[in-house]
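Each of the next two complexes has subunit A plus one other chain: subunit B in the first, subunit C in the second.
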Partner chain A sequence: MDHHHAHSTGSRDLRMARSMCWHCQSEMAGEYFCERCVKVQPVSKDTDYFICFGLPRRLTIDQNKLEAKFYELSRAFHPDFYQNKSDAEQAISLGNSATLNTAYRTLRDPIQRAEYLLDLEAGSVKEIRTSPPSDLFEEILELQETVEAYRASDRDSETGREILAQLVAERQALDQRKQDMEHQLEQLFTDWDTLQDRGDATSQARAERDRLLKQMREILSNRTYVKNIVNDLAETIE
Partner chain B sequence: MAYSDKVVDHFNNPRNMGSFKKDEDGVGTGMVGAPECGDVMKLQIKVQDDTIVDAKFKTFGCGSAIASSSLATEWLKGKTIEEAQKIKNTDIVQELNLPPVKIHCSVLAEDAIKAALSDYQKKAAKTEAAQ
Partner chain C sequence: MTAMARIIGIDLGTTNSLVAYMKDGKPCVIPGRAGRAMVPSVVAMTDNGLIVGDSAKEHLTRSPERTVYSVKRFMGKSLADVQNELAYFPYALTEQGGVIRIKLGEKTYSPPQISAMILKELKQRAEAHLGESITKAVITVPAYFNDSQRQATKDAGLIAGLEVLRIINEPTAASLAYGLQDKTQGTIAVYDFGGGTFDISILKLKNGIFEVLATNGDTHLGGDDLDRRIADLFLSEIQTGHHIDLTASPDHMQAVRLEAERAKIRLSDELNTQIEVELPDGKGRYSRELTRDQLESMVMEIIERTLAPCRLALKDAELTTAQIDEIVLVGGSTRMPLVRQRVQELFGKQPHCNLNPDEVVALGAAVQADILSGGTTDMLLLDVTPLSLGIETMGGVMSSLIRRNTTIPASAKELFTTYVDGQTGVDIHILQGERELVKDNRSLARFRLKVPPLPAGVPRIEVTFLIDANGILNVTAADMRTGQRQSIDVKPSYGLSDNEVERMIEDSFKFAQEDVTARKLIEARLDAEALIVTTEKSLAEGGRLVAEDVLASIRAALSALTSAKDGHDPKAIRARMADLELAAKPLSVALLDDSLKRTLQGKTVTEIM
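Here is the complex of A and B:
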C-alpha cells in the first residue's frame, strides 16, 4: 500500500492473505475489489487500521484524508448495496462495515490512535514495562476517601461545604494535570513521527524509539488514571 | 451485565478496607494499577513469624476490582508467605464468578498480592542485613 509498511510482517501477511480473490481465484491487484470479477474482498482480520485507510503509520494524521477515505469506503461496503448479491458478498459487506467503523473511531481520536499504534509497535500494553506511579496511586486513593466522605456527609452542613470546596479545587488541579499530559503527548507524537520519517536503523535510533514508546506508554497510562478519578469527582460534585 | 451475589456482597460490605503505615515493621505494600481501565489497587499485609496476621486494601475501580481485593485480604489472613504465593487469579475468578470481561480485575488482585509479598521480603532482607 505504501512503502512505510513494506518491512512490517503484518503487511506481508496481509498481502499474502489477500493475494487471491476469494471468488475468481485470480491474483488480487485492486484494493478492496477484485479487478477481474469486481467482487468485494474482505478486509483481513490482521490488517492494521492505518493500512485500511491507506494512511502512513503515524501519530499525526491527515484528518481530512481519513474522513474522506472513511466515507468512500463506507459507501463501497454499505450493506444496502449488497441486498441483491450473494450471501458471501453480503457477509463481507457487513464484516467490512463493522471493521471500518471500529477503525475510524480508533484513528479519529488522537489518544486512541496512540494507544493503538503502541499496541502495534510493542504488542500488548504489558510489553512495555513501566514502574507503577506509586505517588499518583496514593493521591488517587486519598482523594477517593475524600470523595466518599463527601458522599456520606450532609451536603448543607459546614463540613459538607468544606469538603466540596476541597474537591472542586482538586478537580481543577487534576484537569490541569491532564491537559499538561496531553501537551507532553503532543510533543512526543511529533518526535515519534519525525523519527519514523527519518527511518534510521542505527542503534541510536532504536534506543530513541524505545525511549519514546516507554514515555508515551507511561503518560497515556497516567492520563487514564487521572481521567478516571476526574470523572468520578465530576459525577459526585455536579 | 449483572454482578454475582458474592461480588455485590464484597462491594457492599468490603472486608479489611484501610491501610497500615508503610514503614511499620512487618508490613508489605503492593501498589498496582491497570493502565487499560485506570483501576488502582493497594494491598498490604502484616507479617509476624512468617504468617500473615492482618491484611488491608484500598481500591479505586469497579465492583469486581473491589470484590477481588476484598476477597484477597480475607484469604491472605492466617496464611504463611509460602501459602500466600500460591493464590492465583483463577481462584478469585471461580470464587466470585467473574465474567470474562472482568478477569483482569482478578489479575490485578494477584499482582497486588505478589507485589505486597515481594515488598515484605525485600524489607525483611534489609532488616536482617542491618542486624
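Here is the complex of A and C:
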C-alpha cells in the first residue's frame, strides 16, 4: 500500500488503537499490518465502519462490495490464521475479528446502518421509546386492552375466537404501517445521499440536512416501537 | 512460519466417534485394528479396568449397570436437566457441584471423564496409525450445544491429554468436507440427525468462505429417541402378552433397546422385519413382525420435531426453501427413508446423499485442523453462536447482549456502576437462551465484579463479553476511570471448576496405567486361549507319538494355564504359556517328524532328490 497517499474521506477517522506499531514501535503507516514487522495491529472499537470497509458514508451502499471486503478482512483477521502466532497477536486477531463482525452486521442491514450513520452524524437514536408515536397513540392503547382481553379469555370460546380475529387484523394493519415507514425511510435515505453527494456547504443545505436527520430519527424510532409491538403480538397469537 | 505439530480431527458422537487427518490435501478417517473407522461411544468398566468401543459394546447386555453409552447427552448438564429420561439408563447417575456423575463400581466419573476415555482411544488409534505422538485436536460438537456443553467437551479433551485447538460445529464441519469435495458455490442447508442430537445449519459458500447464516436444533433429539419409542412398544407387548415386567431387569432392557435399534436400521432397507427377544428365566421368547409402515407411524412425530428448527433457521437466515441450492444429509438417522422424504418435502428438493453420513463430520474436522495448522489456506469457516447471550437484569428479566446467529468471534460491552455509596461489588449472572425471563433460560455462570468503594454511580466498570471462535464465552473487565483491567473468576453453573479438571487430568494418568494393564490382560488371555486350542488339537492328533510322562506334563501345564487365564495377572498368564510351550515341545517335534515321514512315504526316491 502507498503510505503517502492520504485517505480521501477523513483519514482522521481511521484510528488504530495506537499510532505506533505495538510490536516494533515504528510509526504505523500500513492500514492493519505494520509495514515494517508485518504484525497485525489492533483496530480501535471506535473505528468508522464505513471507512473500515472502504465505503463512502452513505445510506445506500454497494452490498457486493461490502461483502467482498468483509470476506477479505475476515481472511486477514480470523483466529484460524493466527494459531501459531504469539499470544499478543492471537488476542488482536480475536478482537479485530469481533469488531469486524459487528461492523459487517451493522452495515449489512439498512435499518442498523441508518441508525449507525445517524449516531455518527448526530448522536444516538437508539434511546428506547417509552410512549407510542402520537398518531398511533389511541390505536395502541386500544390494542393493549384487546390483548389483555384475549389473554383472559377462553381461547376456544366464541369470544376468544372473535378477539383473535381482531388481533390478527390489527397485526396486519401494523405490519402494513411498518412497511409504509420503511418506504418513507427509503426515500429519506436517497434524499440524504443526494445531499451528501452534492456536498454543498450552504446554510440551506445545512437546514436540509438537519431536517432529514430529524425525520429519519423520528421514523426509525417509531418503526422500532411498532416492530416490537408486532413481535409481541405475534408471540401472543401464534 | 514455524512447522506445527500435527492436529487431528475428531467427531465425538453420541453413538459413534471417529478420528481423521489430512493426508496429501485430502481428509481421511483412521481405521482401527479391525478395519472399522467408527468407534462406538461406549465405555465399560470390567473387572480388569475400563474398555472402550466395540469390545465395550458387548458389555451393554452383559453388565449394563457398568457400561456407559450416549454419555454425550449428559455433557454440561445437571441431574435435573435429564430427570425425565433417567429411567432409560441402566447405569446410576448422581450429581455433584451442578455436574452429573456416573457411578461405575466404587468410583464416580463426570461425563467429560467418560468422554475423555473415548478420546484417548481415538488418540491412541491415530498415534498407532501415524507413528507419532498426538497432542492437538479439533473436536466437533452439535451446533446447538450451549456454552457449558462446549466447555465440557474442551475439558474432556484436556483430561484425555489433548489440547483442543478448536471446537467446531458438526454441520459446519460437514459443510467443509462437502465444499472441499464438490467445490460448490451457493446456499446449502446441512441437516444433521444422529443418535442423540439434531442440528440444522444454513450456509453460504462463496470463494472458499463458508459463512453460516443461521443455525438451529435440538440437543436432545436423535435416533436414541426413535429406539425408545420402538422399545416401549415391545416392552408393553411383553408386559401384556407374557406378563413380564422387564423394566426391573437392566440386561433385558438393553437387549430390547438394541433389538429395537437393529430393527429400525433393517427397516431402512426392508419393508418388514422379524423381532426376536429372549425372555428371562426360560420364559421363552417374544417375537413379532414389524413393518416399515408401523415403524413410520410410531416415529413420525419425532421426525416432525426436526422440521420446526429448520423453519426457524430459514427465518433467521431470511431465506425461503426455494433459495436453498443444496441439502446435505449428515448422521446415521438420515438413512431412514421417512427422514429423507420429510426433508425433501420441506425443501422441495432432493437431498444430496453422495457423502458418507457417518464420516463426513470427522473429515470436516480434519479439514479445519489443516486450516489451523496452515496447510489449507483458501478455506475459511465463519460460524455463528446458536443461542443469545445475556445477563440478568432487574425483575428476573434477561437482557440480551449478543443475539443468536451472530457471527463469531463476537463481543459486547456493558458498563456497570453502583447504586449504593461505598458498594464494593456487583453480582453478574450470565445466561444463554431465547426467552424473556431468566428462569426460562440457561444459567451459564455467575461472577462478582470488584468495584472500588466510591459514591453511588461514580464507579464505571466496563465488562466485555466475548464469544471466541469455539463459541465459548470469555469475560474481561476494566475500570474506565483508571484503565485497570481486572481478572474475573467466573463460576460455571453447570461445569467443572479448573481445579477439578486439573485433578481429573492427574487421575487420567493413573487410569492410563490401569488401562494398559487391562489391555495387556485381554491380549494375554486371547493368546492363551489360542495356545490352549492348538495344544489340545495337537494332543488329539499326536498323543500316541510321545511318552506317557510327556503327556502328563503337557496336561499339567495346560491346566495351570487354564487357571492362570481366569486370574488377572497378564505376567502369570505369559509365564504359564511359556511353560506349556516348553512341555509341548516334544509333542510338536514328534508331530513334525511324523508328518514329514508320511509325506516322504508317498513319494519315490527321485522325487525326493
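The definition used in the following text is that the second predicted complex is superposed on the first by the 210 of 238 C-alpha atoms of A that agree within 3 Å, B and C clash if a C-alpha of one lies under 4 Å from a C-alpha of the other, contacts with A are read in each partner's own complex, and residues count from 1 in each chain.
The criterion applied here is as follows: a residue touches a chain if its C-beta (ideal position, glycine included) is under 8 Å from a C-beta of that chain, and two chains touch if they have at least 3 such contacts.
What you see is a predicted model, and the numbers here were worked out from it, not measured in a lab.
By the touch criterion defined above, A:I140 reaches subunit B but does not reach subunit C.
Within the superposed three-chain model, A:K227 lies in touch with subunit B and out of touch with subunit C [touch as defined at top]. Of the two partner chains placed around the shared chain by superposition, subunit C is the only one that A:R105 touches, whereas subunit B remains out of contact. In the superposition on chain A, contact is made by A:D80 with subunit C only, not with subunit B. Remark: subunit B residues 31-33, 35-40, 42, 58, 60 touch subunit A in the complex. On the side of subunit C, the complex with subunit A involves touching residues 1-2, 4, 165-166, 206-207, 209, 368, 371-374, 377, 380-382, 406-411, 413, 466, 468-469.
Listed in rising order, the residues of subunit A touching subunit C in the complex are 45, 71, 74-75, 78-81, 83-84, 94-95, 97-99, 101-102, 104-105.
Listing the residues of subunit A that touch subunit B in their complex gives 125, 132-134, 137-138, 140-141, 144-145, 217, 220-221, 224-225, 227-229, 232.
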